[in-house]
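Paired with chain B in one complex and with chain C in the other, chain A is shared by the two complexes that follow.
Showing the complex of A and B:
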């Protein structure tokens, strides 16, 4: 489903050349829950941006659902992002002027979906995160945990192949973080692939596979048993 | 998506009301000031008779002073005007000149008053598409037989007859009775192309009579008269002189007709040369309405300077708008990044922000209309009674539409660079830092 072969990403300025990812090879299959860990600056977010087609890689090959994305232009990349990928961010990134319904509606609008179908899907997504009753509220009227639930609903509403989550619990207190993690696990159990960047080792241990990045390379790729993951949970 | 983007534009305005309002005001001031000048130019420099301005020709015969190099006279002598009329070589034609006189209303209600009128031939009315409220113009037999007939303007008819149908009634002008055959509806071409020598922005005359009556009934001339040679004494001396005081217009239906008529004028001038007249090189001309207005530079130079200043002010306001839009759209980088992550391609983001710029432009245009309306009122106060055009200085539907379109297009144009900058930013940076 997601396959990177010898992917390299170099950031260049006039003075400095920084290699954020180097010979990075990774395959993620359908239904996996993969966590990405590593120290700050190791390349976690760069990996996530390349995986999410928000940035291009310098060399190597990246196949997304069998499609080589290296040569795709902006329009095709945007279409793939819209149809195959759901994003969850640390700071939620909800649009403050739009109410919850309209926030979740955004990706469906870019898909050109009819109004009735959009409404049905958004209502269902809101219901799935327990916020249907507050669909007319704006994000500022919600707690951090609730905002992240809305962000998750927005990521899921288009029924993507996989979710890319960048520190989804980083701005939440521990209790709320547990709730969000439980929700992500529930989503994964229903078959959606999740790739999550985190600093939190305990959260990483709850996933089925943990990939540790160091200096832009995979230093550890660990399959975790269900028992261990369950114990960590 | 258009309505969705429009809604986002309104929400964006609400999020940054001060910045957005500054942009709206900048656009409004620029567009409003520009439209004040544009309206003046529109009123003063528009085509006064668009249906047939290319078929109506001002006749210029060069009977001028051989010792000067100036342009041919703008008007004709009595000798030439009567000769051209008698030749009857055009599809329609009229000699015409301004007169004045005392009008004596019947009854005791209104005291006699002085009035400005115009002598013309029967063709004057169909040539210039004059609209009639009652009756019609006189026919050519009235010209030929010196019938004392008259056409009144709507205003004069209102004053004398309370607006009722006065055809068949008589008015007493300059001691003579005239039977009314027609009453004009509102008619005041701006500029008054058929007599720009005597005030291109003067109002229409109040009464029209057959031009052939001017001399027999001894009407005072009221208008510009130029003589390069002193006329001989007595009334006949003036009529046979080289003094020019008559405007002459012909209606021609095709380019061939135009060439043919010019040839006729040249033949006439050549004939006159044999009698010792027309001492200068042959330089006769026909100008259609637009050519004539342009040649005579009907638009004052001041309006050209004002136009340039208004365009510069608009440019400065748009430069300010570019800065403000840049600030606004770069401030939305986070949202743009999120939208890209959710599936928006750069084209759709560009379109969204073009519509947002257009929305600001539209609001600026609406406010600009108010500024333009206030500015035009100010212009009217400044002009006072110096020009008769003040009645026509207002925001007509064409000017309103142009203002709104100009405001929207100018703001969209100003928005291209800010939008391009905002949409070119790497979304990944803002998704992490938002």
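Showing the complex of A and C:
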């Protein structure tokens, strides 16, 4: 479903060249929950951005759902993001001027969906994160955990192939973080693939599969057994 | 389309919307009314005087000393002028059209001084005036040399014939049209017969309410000063102005030549106030439109910079570049829409106030909608650059910046 072969990403600025990803090969299958760990600056966000088509890679091959995305134009990439990928950000990235309903509605509007279907889907998504009653509220009226739930609802509302999350619990206290993690696991259990960057070692150990990155390369790719994961929990 | 969310987001930033839309409304009010005033002024300026203005000039001869015989000098001068190669014709006159100074009379169709009189400009001139002024005689006939009378300008003026403009004929005899030829009116309790009607000839005062009511009268003053109106072949005017002034000044030591001027210069001088007012208004319009566009650009740039991460997030969620561009164009469209709606009300109120205060005609209905469309277009053009730049914002902003 997600297949990277020898992906390389070089950032060129006036003075320096930074190789953020190097010989990066990875396959993620349908239904997996993959955590990405590694020290700061090792290339986690870079990987996520390339996987999510937010950035292009310098060389190598990336097949998304069987399609080689290397040559795609900006328009096609936007359409793919809209249809196949759900994003969850560390700082939620909700639109402060829009209420919760309109926030979750954003990707569906870009898809050109009819208003009745959008309403049905947004209401369902709001309900699934337990915030239906607050759909007229704006993000500022919500706690951090609630805002992240809205962001998760927004990521899910388009029924994407997979979710990409960059430290989704990074801005939350540990209790709230647990709640958000439980929600993500629930989502994964119902079949949605999740790739999540985290700094939290215990979260990484809980996940079915952990990828450890060092200096832009995969240093460790562990499939954890259910038992080990359960024991860690 | 995202009309609903854009409007709801704007409604959370009311102050900014109100400020910029008031600026748009104010700009529109000034712009539309100023354009209307400029148009009205240029309509006035565009009215033809009836003369062949590019090829006409005039000068005055003033005699002095006991030896000077004005009537003889004038006869000789006119003969010389009419025989000068390149001159089409020349005529003596007491007043110059558009110049701002001349004589008028009050005319009545019955000999009853208590009745209201119709005002008309009077040109005291001769049988060459129709040709010199390039007038079109549409009824009746020209004067003949035998119609001419001569007198001092200090005496009670006495004349029996007149060639009137169509506008004056229609004013005096509304029912008759061209059949007014042959009819008489009274001035100073004496009857005057209309012998001819010309299509048009303006009075000397461009801003007069009876500017189209004028007449030619076959009377010449025997005063020491004579003014000659001279029409030349096309392209000969400037040369002849120099030559004729020299010739006339040289051929008679008992007089001086003054006031040499072309009719074009006269028109420019008479309408100088109007044309400089139009220029000032134009500068005001351009300045206001510029400031308002800058305001729109500034607000757009500010709004876009403030929302860079939001834009990146929208891109991450699947917005195409075109959808981002359209978002900001639409946002400006709605703000402009509020602005021009307020502007329409202000524009109409202002124009009503202007027309009642300054006796100006009321503005034609189409000025306001055209002004609205124009300001919306200006807003859209102003916001195009910033919106295009917003569309260039990279989706990676969503994860890269805090």
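Just so we're on the same page, the second predicted complex is superposed on the first by the 233 of 233 C-alpha atoms of A that agree within 3 Å, B and C clash if a C-alpha of one lies under 4 Å from a C-alpha of the other, contacts with A are read in each partner's own complex, and residues count from 1 in each chain.
Following the convention adopted for this analysis, contacts are C-beta pairs under 8 Å (C-beta built on N, C-alpha and C of every residue); 3 or more make two chains touch, one makes a residue touch a chain.
Not measured: the values here are computed from a predicted model.
**Student:** In the superposed model built on chain A, check whether chain B and chain C fit or clash.
**Tutor:** Chain B and chain C clash in the superposed model.
**Student:** Of the two partner chains, chain B (first) and chain C (second), which one does A:206 touch, if any: first, second, both, or neither?
**Tutor:** Neither partner.
**Student:** State whether A:146 touches chain B only (first), chain C only (second), both chains, or neither.
**Tutor:** In the superposed model, A:146 contacts neither chain B nor chain C.
**Student:** After the superposition on A, what does A:111 contact: first (chain B), second (chain C), both or neither?
**Tutor:** Both partners, chain B and chain C.
**Student:** Taking the superposition on A as described, I'd like to know which of chain B and chain C A:99 touches: first, second, both or neither.
**Tutor:** After superposing on A, A:99 lies in contact with chain C but is clear of chain B.
**Student:** Given the touch rule stated above, what does A:192 touch, chain B (first), chain C (second), both, or neither?
**Tutor:** Touch status of A:192: no partner.
**Student:** Between 59-67, 239-247 or 257-265, which chain C stretch has C-alpha clashes with chain B?
**Tutor:** 239-247
**Student:** Using the superposition on A, tell me which residues of chain A are in contact with chain B and, in the other complex, with chain C.
**Tutor:** Chain A residues touching both partners: 45, 49, 52, 54-55, 74-75, 78-79, 81-83, 87, 89-91, 93, 95-98, 106-107, 109-111, 154, 158, 166.
**Student:** Help me check something: in the complex, which residues belonging to chain C touch chain A?
**Tutor:** Residues 1-2, 4-5, 8-9, 12-13, 309-310, 313-323, 394-396, 398-400, 402 of chain C touch chain A in their complex.
**Student:** For the complex, which residues does chain B have touching chain A?
**Tutor:** 1, 4, 8, 11-12, 14-15, 334-335, 337-348, 426-428, 431-432, 434
**Student:** List the residues on chain A that touch chain B in their complex, please.
**Tutor:** It comes out as residues 45, 49, 52, 54-55, 74-75, 77-79, 81-83, 87, 89-91, 93, 95-98, 106-107, 109-111, 154, 158, 166.
**Student:** So in the complex, which bits of chain A are touching chain C?
**Tutor:** The touching residues are 45, 48-49, 52-55, 74-75, 78-79, 81-83, 87, 89-91, 93, 95-99, 102, 105-107, 109-111, 138, 154, 158, 166.
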